[in-house]
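In what follows, structures are represented as structure tokens.
What follows is chain A paired twice: with chain B in the first complex and chain C in the second.
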Partner chain A sequence: MTAVAPPQAPPEPTTGVRRREDTRFLCGQGEYLGDVQRPDLKHIAILRSPLAHARIRDVDVSGALTLPGVIGAFTGAELAADTGTFSHHLEAIPTLRQLTWSVLATDKVRFVGEPVAAVVADSRYIAEDALELIEVDYEELPAVNDAEAALQADAPQLYEDWGDNVFLYIPGAHGDTEAAFEAADGVLTERFTHHRIIGLPMEGHGAMGEFDPATGRLEMYVSTQIPHQLRTVVSEITGLSETKIRIVAPDMGGGFGNKIHMFREEVLVAVLAMRVRHPVVWRQDRTESLTASVHSRQQTHKVEVAYRNDGRVLGLRADIIADVGSPELYILGSGPAIVTTAIIPNCYDLQDYAFELRCVATNKAHMGGYRGYGQGQAVFLIERVLDLLGEKLGIDPVTMRRVNMIPDGQRPYITATGAVLDCGSFHDQLTDLLEAADYDGACRERDEAREEDRLVGVGLAQMVEATAPNIHALAGQFGGYEMAMLAVQPDGKVTVVVGTKSQGQSHETVFAKVAADELGISPDDVTVSDGDTGVLPYGTGTWGSRSAVMGGGAIIKAARQVREKMVAIAAGLLDAPADQITVSDGFFRLGEAAIPFAQIAAAAYLHTFLLPPGMDPGLSVIVGYDSFSTSPFPDERGKLNVSPTYATAAAAAVVEVDRATGVVSVKDLTILHDCGTVMDRVVLDGQIHGAVMQAVGQTFLEELHYDENGQPLTTTLLDYTIPTFGDVVEPKIVHRETPSDLIGGYRGAGEGAIIVTPVALAAAVHDALKPLGVPITQANLSPPRLRDLLRGHSAA
Partner chain B sequence: MKPPRFDYVAAGTVAEAVAALADAEDARVLAGGQSLVPLMNLRLARPSLLVDVNGVAALSGFEVRNGTLRFGAMCRHRFLETDPDVRERAPIVAETAGLIGHVHIRNRGTLGGSIAHADPVAELPALLVALGGQVVASSTAGERTIPAAELFEGPFTTSLEPSELLSAVEIPAHRQGDGGAFSEFVLRHGDFATAGVAVILHRDGSGTCDALRVAGCGLGPTPVDLSAAGEFLLGESALGSGAAEELGSRVAAAAEPTGDVHGSAKYRRELAAVLAADAVRRAWARAGSSDWSGRG
Partner chain C sequence: MTGVRFSLNGEAAEVDVEPRELLLDTLRDRLAMTGTHAACEQGACGACTVLIDGNGVRSCLMFTVQVGGSEVRTIEGVGSPGSLHPIQQALSEHHGLQCGFCTPGIVLTALELFETDPHPSRQQIVEWMSGNLCRCTGYINIISALEALAGTAEARS
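So, the complex of A and B:
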């Protein structure tokens, strides 16, 4: 083996088209689900519950069947008779209510939008007309749309056999919080709230299914972040072997975690394709995506903090209530709330930490994944605690952080919840942030603005992110490894297939470079694809900032194996020991002698008589890659290391509040970001820009509303106000590069900025309102919500 | 998100359009379609017949008649916003049209369509009230005019008969000494206003305010006439210290907003105060300026 070439320094951002996906996407040549056509394609429309909570007495689809153009109409009971059911696959968690559910509701509906019946017709128009001819006899039940109300003894029960509405209860006790509270100089008590929002991909969910009775094969195109796991679930529910199912995730208009869940509707498409024997498609419309996909974030935290008068936090107790809506979602929609409990210590030396988590079922759509995945709420809690405590004690935010920070040099540092942190110096990172943001200057300008009676504030936040996680504890049968296939073709060009499905993250560009660097060739000679279960045996998908870490690692591992074989071939041809062969610029070299890369490829496939004696022909591998450093389940003390590495980020924000309207202007935002080895600076910065925009949306613009009867009020993009280009905040981005010990040195990117930015903004708004004495303890800082706070204070 | 079945007729003349409206039940006029078509896709509007008036040439353009500007109902927002003649003769119309949606929406949306749709948060109905304008309703029985004060009956409800086509909109032509401003609060560029306030006033040769009208959107179930809140400014020759804020307070007190996901009633009142103060300041300055063109 020759020495591995050192990784090249990340290129500085350049202008012009340099992502290979750009031309396709920007010229309308992508193939999204809506572009997948079949000559005989039929359309599915889904009848959804208009009630938040009701028993289904009867569903009569006969009227729908009379409409010309209708192929079939199906009730939940009919489909349930010969299809399997979903479950969370988490029998190992005793405090989780075990549930099963079908592709359509059968006995009860528990949120407005729950699927009740389905029509297949020649067009979506006809299918929607037919829905109006289906008669459902509902027995309406009282609904509960708020988690704290759902915990009351007299609250309506979503599942009568539970006796309450607590879907999942997890207590945790780490260290000795009792001793910490006894030793404390004081106790700070706070309550933090996070409003309900949604990670809303531009392209909604959807699936096309085509069943061939002659071969017994089902082919599906699904807009999903996890095609392989979905295949497993489709297999479980349809009874088809995984060998008979091919799932392709085509080009995707975003996922953001919404598409890590296996939807009833996606499996319904499979079931209906097998029944009607036509290719069928369901494409989620915007109202469906807003009311019946995956909501996120809504939590309430009550926290008690034992502190010393020098600012040191000695112990912390958190009582966390997550409003998970309908829990009938796989993978587990309570996952983000579990992650919240694990991340609360963040980058601070906080070993005496206890929590109670209650995930409460309510008559609302599912709670589940959205970029950040519960970590933002955790970071919000601890970062706000430090600022509020600092204010109480008269200690500035920087000192509060330094006093509590995990000390340098102690690596790995094992957190209270068991995370094995491999991060660099948090102190140095904060120093870099303060310098990049000109923190002292910003504070001076704030002070001057206050003299002019302007509400300007500066906020800081830091975060540690559990990247590339193992999700056995959240998804039962799925872990966190990755697979890749790499084949050098006879012409010397390289095919890479990886299990991390891109939803817009430029994997075709960055992974080509990763493979090319290992093979000593140009990225132009590498073609990358993903998202096809027919090509790669398995993969774990793209979520959890995992693609660089696990997908990139798998590709490097595969490339090294292939290169080793090519070096052996070259050594044979050059009649030299393999360890004297070097690889660079498309040649295998020995001194002055050089054999082109393509010539080795030709030997492996075409001129196989040139191969060393006994060597098998061909140049391809399929590898599985696991870090072997994560745990599937918590140990007996409740400690769990979920991630093979941890990324870090920090943010500084400067804002100005208009007290009359509640509008917050972000004057300056600096993001310091350490995701280990940087694959591609432009692509990475694009991830951060997008995450900042979503952070701005969740902080200032977005909120899902339900009325007291559980009717959704934000059903179109007129009412659910996501940021547009008029709302762009352009951050200043600074990278630190602390390589991890994993293959490639990656730590993972994509979510850091959305985790750390909201609380930095909240801290800045708090600081801006300091002259008025209006504390910020909520994530929702939209103009009307901020006015609500200001109105409550006479000085405002 | 697909509409139920409907019939469609493309009218070539006003006569054809009103004949089609007279013959059908539940017919709706298709103008720019920026509100109606989404409502149909959501199945919240279910017309049996769409009478498309996009091809009716007589509904375009505008003319001056005896000190009145008469706009064809099919004047697009973008035309109102950019046409030099409109900007000269009706600068407040140009300013207000420019606040609507995004360019793509303004390219399609129409003056008559917006007014007939009567969305309580839309800008042009409120402007019509502030200007004291009127609309022309055409039917097989002929034409009648409906003053703005008698047009808006409730959210998305007007006094137009189902058989009537809103064919024209009439407002007083801009005079020397007129000043107007439309101030609105939007959460995002291009949104419907959470609240908006139009102030239209006139100052005579000596600078004294001798007419002042105020109307708001997002401040009630219809565009609301808040002119009474501004009566204290009549006869004033200067907008004194605190006068704009005083108007704001009075407008906020007079408004009857309701809450929705975009803001509570309280929040809308607070916005009304800010917006009215801003609008009267701008309108007052414009009325005193010799060359207000709507750009200032």
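So, the complex of A and C:
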């Protein structure tokens, strides 16, 4: 069932704080990684390569050891002697280059910023001083900073034994593209480019480690979205059992997908904690963040589209090159590029689709996860194709979409790549968008503006997002499931621990309500925590818009199990069958009789003689929750359904381009959003606001630059400019709620707006420049890039 | 090492620091004022903003030895869990914070604004706040919160 929510209402005034998290964050009392203190805490500073490509001949740390306050200084070779290595765990993919790498570089460096040596000292000041006393003898090698250049036969080789720089090659052929191209009225050929950006959580990465030799236990605090999986990797590399490792992800200053990897530096902290026998901390600084964490998005697409003259796309071939920088990152940094190939059919009935993906190693920092995770590039491709093809055929953007849309009624619809779409009506969603955005009115105003020689344009885009995915195909282990613990305590208050990890998404608040609703009590009586491997056996973390779907689902499952036991206790006390007991407002009820929730809790722990005969005491469960509908591997035809449900969104944008400066003003932006059941409207809209702003940043402001020698040029926030208050774009948000069939009906949220907005903006800019005939085929529409395009046009 | 005395949130503070030590590090590591956050350490993001004699300053760009004799105010001196400052209250009511990492800097920058002008316009708010970066909220709800507060009598307190 679908209900259209009313336009965005202002938040209701409250007397207390809106969220559980607010008080401590507002008062500066949060505990982020940098706030974790220990007596005798020592500081790690990391010496990083100043060269993009070099062989390491020798590293001499003896000078560093002479500095007072230095506890230790370590080379890669020294640590490698008794420490395990990272790998991608993807031996099953024959076209992936099998690599292992150590916590510090040993033989070669392949990007500026690669860690080479580490110092532990009494303070960060001393540790950084000591770095200057380390001598490294490098043999500099030619570098390559561009994926297409790296594919040339004479390009510098990052790994000599490969014979080329292709780290991962994945071909895919679905349906019969040859027949589609033969049947076509014509073929459209386009090339699309996506520039390199970074997710940039305001709090950088970091880790603290403390090892107790008496018990053999390692305790770590890490700013990570995936504490449990990180524990598995730390165990693998250090050799410690997972029973001896506790990893806590404390309050986090954002993550946005950048913190879903197991970074060398994080495991280095574990290794050094075990060596120096002091608690040690590494707090990434902003230059390290910009040059040596994870970058995103950079891809080039060549696409051939077989079409019919009525606008129908019959077949599509895509040649995708992803510039993955250094591939030495787990979980696989090429993951987003693989996801791009899977999502290209989007919400369109496109079964004849083939692709080739080449993930190319270059002398740049790692490519990795960032909100959207490759889906924005896919949606950019297909949405731009529809507009460009429509322009060629004289068919308007709305008709182009309707002609190609997955028809209503056919559910689940299985896409060319195997995604099992459970979405609502795409036609109705588009209708709602056009109405909410007053699309016809916007087009009329654009036409009037054109009469005045103003460059105003309107753009549309739609997206399907693979939410709550199973990560196994990209990690060689782990899954898409979630775990939760729920305990009703003797006083009737409830403790929930969940395996997701909030980084600002308000989980303490929204999950309390989810549990409370199932238990028939007030959210005030529920306390939610996350991010501690010492409390919950395992968890899958927060990424891929999965927390509501899988974390919420696990909590509901746990609450239902505990409620069932409480009902049985109440039934015993009321001497009635369990199916006659109802639960509401903190009472178990049978007609007029009512037993308080807390009284049942007390019976379970404090007065167990009241329990039905043979019933075990206590009211707690640990549950695992899986949808059982996702696949860990592609099938023999290369088809893979990674997600138990799919979220949808659509966007309409109106922009005006200043032809002198290349500055684009976003006049209007409407986001139509369907994430299934909405948990908390205000929190959800907050997620959309943030995603829209990041989309604005990636489209108009942000780009990471390297020079021809692989030297990074964007190393501070003065060079890498993210949006600020003056750049605000306030979207009109309209929700459809098409519940999924999963527990809770959630589809997942947080990423849809950053997937769909960039191409809606690009379409609008294209439309604005239509009188000049300047096509938009690039994601980067910053003023200098746009001026380049306009100049190129006027020179032609 | 140099001895430095100053007032911190109304109480006397005395530290012995190297001349190169940044106020940010002194506050966080020596004085346990961890609400002042290190986010860019290059003066670009405003997360480490504190008030020195009422003026907003980036504590990552200031040496501790420079604050001798001054009054330093950090987020710990603004509101408390039992009694939030109206700016903090407004940010919560309007969901003007998500991860909370930039929030202390936002609060202190806004505090200086409201102490300068209790009833700023939306445009003044946007201009005044634009040196503070937030990656979560898209700024919309922060602006709404400050705008709502600007229209009230309790704006200055």
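In this section, the second predicted complex is superposed on the first by the 777 of 796 C-alpha atoms of A that agree within 3 Å, B and C clash if a C-alpha of one lies under 4 Å from a C-alpha of the other, contacts with A are read in each partner's own complex, and residues count from 1 in each chain.
Heads up, the rule we're going with is that contacts are C-beta pairs under 8 Å (C-beta built on N, C-alpha and C of every residue); 3 or more make two chains touch, one makes a residue touch a chain.
This structure is a prediction, so every number in the text was calculated from the model and none was measured.
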Original post:
Touch check for A:Y32: first (chain B), second (chain C), both, or neither?
Top reply: second
Subject >> First (chain B), second (chain C), both or neither touched by A:F609 >> reply: neither
Original post:
Taking the superposition as given, does A:G254 touch the first partner, chain B, the second, chain C, both, or neither?
Top reply: second
Original post:
Can A:R286 be said to touch chain B (first), chain C (second), both, or neither?
Top reply: both
Original post:
In the superposed arrangement, which partner chain does A:H689 touch: chain B (first), chain C (second), both, or neither?
Top reply: second
**OP:** Scan A:G504 for contacts with chain B and chain C and give back first, second, both or neither.
**Re:** second
Original post:
Thinking of the overlay built on chain A, is A:Y125 touched by chain B (first), by chain C (second), by both, or by neither?
Top reply: both
**OP:** Could you look at A:T724 and tell me whether it touches chain B, chain C, both or neither (first, second, both, neither)?
**Re:** both
**OP:** Pick one for A:T716: touches chain B only (first), chain C only (second), both, or neither.
**Re:** both
Original post:
Is chain A touched at more residues by chain B or by chain C?
Top reply: C
Original post:
Which chain A residues come up in both lists, the one for chain B and the one for chain C?
Top reply: 124-125, 285-286, 716, 718, 723-724, 726-727
Subject >> List of chain A residues in touch with chain B within their complex >> reply: 124-125, 128-129, 132, 285-287, 660-662, 701, 703, 705, 713-714, 716, 718-719, 721, 723-724, 726-727, 782-784, 787-788, 791
Original post:
Which bits of chain C are touching chain A when the two form their complex?
Top reply: 18, 20-21, 25, 28-29, 32-45, 47, 74-76, 78-81, 84, 88-89, 91-95, 97-104, 107, 125-127, 129-144
Original post:
Tell me, which parts of chain B touch chain A in their complex?
Top reply: 1-5, 38, 42-43, 185, 187-192, 194, 260-264, 266-267, 270-271, 274
Original post:
Which of the residues in chain A end up touching chain C in this complex?
Top reply: 10-11, 13-14, 17-19, 21-32, 34-35, 37, 123-125, 200-204, 251-254, 256, 283, 285-286, 503-506, 682-683, 685-686, 689-694, 716-718, 722-730
